[in-house]
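The same chain A turns up in both complexes below, where it pairs with chain B and then with chain C.
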Partner chain A sequence: MSLIHAEHVRKVYDEGQPYETVALDDISLTIDAGEFVAIMGVSGSGKSTLMHIIGCLDVPSSGHYYFDGDDISTKTSKQLVSIRRTKIGFIFQTFNLLPRTSSIANVELPLIYQGIGKNERTKRAVDVLHQVGLGDRVRYTSAQLSGGQQQRVAIARAIVHKPTLVLADEPTGNLDSRSGQEIMDVLQRLNQSGATVIVVTHDAAVAKRAQRTVYLEDGKVV
Partner chain B sequence: MTMIIETIRIAFRSIWSKKIRSLLTMLGIIIGVFSIVVLIGLGAGVKEEVKDQIESIGSNLLFVLPGQIDSGTLPTGIVGSSTITEEDLADIESRERLDEVTPIMILSQPVRRGQNFAPGALTMGTTPNIEESFLVGVETDRKEGRSLSQKDYDTAARVAVIFGAVKKSLYGEEDPIGQSILIGKETFEVIGWREARETGSIISGPEYSQAVLIPLTTAQEISDSNEIHRIIITIGDSNFVTSEKQAIEEMLLKNHDGVKDFSVLTQDDFLKLIDSILGILTNMLAGIAAISLIVGGIGIMNIMLVSVTERTREIGLRKAVGASSGNILAQFLIESIIISFFGGAVGLTLAWVASFILNAQVGIAPVIDLQSITLAVGFSVAVGTFFGVAPAVRAARMQPINALRYE
Partner chain C sequence: MIVTSLIRAFHFALQGFWRNIWLSVVTVIILVLTLFSVSMVGGVNVVAREVVSSIENKIDVSVYFNPDVDQQEIQNIQYRFESLRSVDNVTLVSKEEAERRFRERHVNDPEIIQSLDELEENPLGATLVIKAKNIEDYPLILEMLEDPDYAELIENSNFDDNQVITDRLSDIASRVQRIGMLVTGVFVLISILIIFNTIRITIYTHREEIGIMKLVGASNWFIRFPFVLESILYAFIAVLFSMALLYPFVHVVSPYIATLFEGYDFNLLQYFTSHLLSIMLLQLVIAMGLSVISSAVAVGKYLKV
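Let's turn to the complex of A and B:
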């Protein structure tokens, strides 16, 4: 069964206003569990909007989007929260780590909102930090880490709750090419161990690491 | 449960990460709670003090004063010309159950010795029995010389008995007996002096340590008037205080053609009067202090709004990884409650310290009891909650995608 299934998804901002923008126009797309997919397009092509909808951060204006069998278009924001909390991990271009906060505390954040106890959280956070190669830096705050290391902390945070889907928005955009390569290696390993990974990028070299690439142009799949 | 503890932990961490700012935010609450607790406590402390003093004079006294004074209203007729007449005095003196009747005429004339003035001196023209009647209750540490005599009274002698503070400002350590002082333009011989413990207050009547006693007849002569400002009545059997009060009231009412321009007060009435005056004062002051608490609350709201804006991305991230709007609301609300709670606790501690200092320096101990503690802490938490809602709601309403994009 497909993990992600979009049917004629349309997203319009400021609908009905003279300055309305059509961000996504009739997108239909299916991604199966376990795939490693890149979504490519220039800036303004609607790839971020698509990522928000795939990641259940936003709902389509029209059309249907099914995530793991659930019709997202009909969900309340409370239900969306609970889907994100358990099934989705996010990686952002700007890392979005909490300032003045240790790696462990950053990584355990999703577990806090699942109501998992302190000891269990710490243990799992340390485990995933080891997985991304930061086992020796669990107490470091983001200011004490390099960009690549910060993004690895962010990856650890995205996978600590064992999500079905890992969504990365330009994960290498703020990194030098070597760190970018390393991040892609981590994502690839993650995919090999069973996670569905979607990377949104405008960088062809990054997209090449995926099994398949979806191209977006002016809000349409081309 | 885990969630609540986590939320509190998150709130603490964010308060701790901005120590100076949090402390400054707390300051408003600290000052507010401090002043409320101290002022209410001071009101209660003064009440106790005054109550003790009035009670020490004895419970078998009646006071006749000009003007209408009810417990619950402020006394208006205490100063100015008196409505009590010599006829009233004579009528009261004719009653049988009364032990002593002491009229007092207050002379507002400066008391001095050469160029030395006794600034607070209160000259009272009175009858010789004053020291045996109600002044009996005033604790006298030292008593030198003689008292006013019947002969002094009958001859309108220019003699005076002075009390501690007056003696001190006019004579220092010197022995005043036999020396002369000036009251207005008249020369008086000091026949005795008393060291009285500091008593009384502006409200409860004369400060005895400032008293200068002279014969009533003399006072009438030099002031050329027959005004009586107070009549103090001692009743041997305190069971009759209420009935005598009523009888005297009726009698005086007749003398005054039915106009109640005088008051007959018992000890209890005095206590109630003072209670109500101090109550009004205390509430007024506490009300003013409460304004500072509200200003403190606005300070919290202001800082929290800034903090919400500053942490927009953090809020977006938390929402993206699974924080519900409720989680975010709780996080910010708890943060402002913690700030105001600790502000309240610090304010209370400072008030407690201040109560010791005040007790040592002024001799009045503000009463800090469970009630004022509950009030202070409850009030500050309420302020934190009330003013924390708006910022917390703003944080909770943020859309995760907008918040994540925020620069």
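Let's turn to the complex of A and C:
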């Protein structure tokens, strides 16, 4: 069953202006639930824009994008927030953890926005931190953790609310090769446990770990 | 959930306040100045309104009749005026009452009392004191008194002096009000700009956090609320300082105003004390309106992912 289905998606920035930019051009793509897919391309190929649309952070200028059966092109910004809150977990190259905040507090964030009570929140956050190998670092702040550990906290935050899709944008980009391998191991385990994982990367070694790779060039799937 | 959100928002708001403490202080000072100038304009308005109303209460038309006019005829005129819709009341001061009052007024002046005693008849005429419902009704009353039928009965009528005072007072009050509004307008504008800037700087320092919160599914309300709360905090502090400044100011100024308008039955301090709560509430509404609108606009830009 397809989780992601894009039909002739086109994304144009500054449409109608002399300096308009076509970031995505007629993209059609299907990703099934439970797949581990890598989206590859050089800088400026449209990877980030596609990730924004897949992650419901943006909507296409034309065409249709269906996420879990819902036509995202017609959703309001409030509805998009709700989809992100419940169905998608994000992992970024720069970790995007709240500064001066403990690992557990960072992991608890999506659960707070879902209105889950304190005890349940703490239990689930501790569980996922154990899952990513940081059970002994729950009270550490970002500054007290290494890059690899920070990315694990970010992964824990991305999966704590049991999302349908985990979307990782260059998850190993800021890490040394050993930490990068460890992060990819975590993502692979996550996929084996049933989650759909999409990794956006320009690193062929990272893409190799996925079941399938989608190549982008000048905003088109090649 | 709501309690947790409120605690988090309050914590976030306090953090914003302390992290940019000098900016917060400047914002509060500007808000205090705005509230102070608004209160001053309001104060001038109140003083003018109360004094004009006090003078208006004292305004009446005194119609002095010739001594030989028959009491019945005067009473007929009294009834006629009493029947007018614009007239509030008409008081008749009889010849005898006029004489009694005259004697009372000159009790320490034996020569005058003796001269009055030497006269065979009471030389004083009766008086009708006519009070209109509104100050604008007096011209009509005066016009009626100029009726040729009354020409031989009325010796004199007295009205004009108070009208001049109220006109001048209203004129001064409206000028002061106009200048005050201008000064207040300038302060309001400065306040909006400064609060807008303060909140923007606070938001700028939190922009990464806002971005992360949006990505992990925080609603706009969840992000906007702490900033709105921070601006409410500015408003509260500003109102407290403004009241702390205003009270001693009114205390000092009140006796001077009482002297200036002696006899007009107005006490600014008493007015301020009895309206303390409503003045505070009004200030709070103004300060909160200014700061909340500014912060809501400032945060809006950062709510897009």
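By our rule, the second predicted complex is superposed on the first by the 222 of 222 C-alpha atoms of A that agree within 3 Å, B and C clash if a C-alpha of one lies under 4 Å from a C-alpha of the other, contacts with A are read in each partner's own complex, and residues count from 1 in each chain.
In the analysis below, a contact is a pair of C-beta atoms (placed from the backbone, for glycine too) under 8 Å apart; a residue touches a chain by one contact, two chains touch by 3 or more.
Quick caveat: nothing in here was measured; it's all calculated off a predicted structure.
Undergrad: Clash or fit: what happens to chain B and chain C when chain A is overlaid?
TA: clash
Undergrad: Please indicate which partner A:110 is in contact with in the superposed arrangement: first for chain B, second for chain C, both, or neither.
TA: both
Undergrad: Let me test your reading of the model: by the given contact rule, A:78 touches which partner, first (chain B), second (chain C), both or neither?
TA: both
Undergrad: Between chain B and chain C, whom does A:22 touch in the aligned arrangement: first, second, both, or neither?
TA: neither
Undergrad: Return first, second, both or neither, reflecting whether A:33 touches chain B, chain C, both chains, or no partner chain.
TA: A:33 sits against neither chain B nor chain C.
Undergrad: According to the stated criteria, A:12 is in contact with first (chain B), second (chain C), both, or neither; which is it?
TA: After superposing on A, A:12 lies clear of both chain B and chain C.
Undergrad: Have a look at where A:59 lands relative to chain B and chain C in the superposition and call it first, second, both or neither.
TA: A:59: touches no partner chain.
Undergrad: If you stack the two complexes on chain A, which partner ends up touching A:157: first (chain B), second (chain C), both, or neither?
TA: both
Undergrad: For the combined three-chain arrangement, which segment of chain B clashes with chain C: 129-137, 237-245 or 327-335?
TA: Once both complexes are placed on chain A, chain B clashes with chain C in 327-335.
Undergrad: Identify the overlap between the chain B-contacting and the chain C-contacting residues of chain A.
TA: Residues 57-58, 78, 81-82, 84-86, 90, 92, 96, 98, 109-110, 112-115, 117, 157 of chain A touch both chain B and chain C.
Undergrad: Which of the residues in chain B come into contact with chain A in the complex?
TA: 2-3, 6, 10, 13, 17, 313-314, 316-325, 327, 400-401, 404
Undergrad: Please output the residues of chain A touching chain B within their complex, sorted ascending.
TA: So the residues of chain A touching chain B come out as 52, 55, 57-58, 77-78, 81-82, 84-86, 89-90, 92, 96, 98, 100-101, 109-110, 112-117, 157, 161.
Undergrad: Help me check something: in the complex, which residues belonging to chain A touch chain C?
TA: 57-58, 78, 81-82, 84-86, 90, 92, 96-99, 109-110, 112-115, 117-118, 157
Undergrad: For the complex, which residues does chain C have touching chain A?
TA: Against chain A, the touching part of chain C is residues 1, 4-5, 8, 208-209, 211-220, 222, 305.
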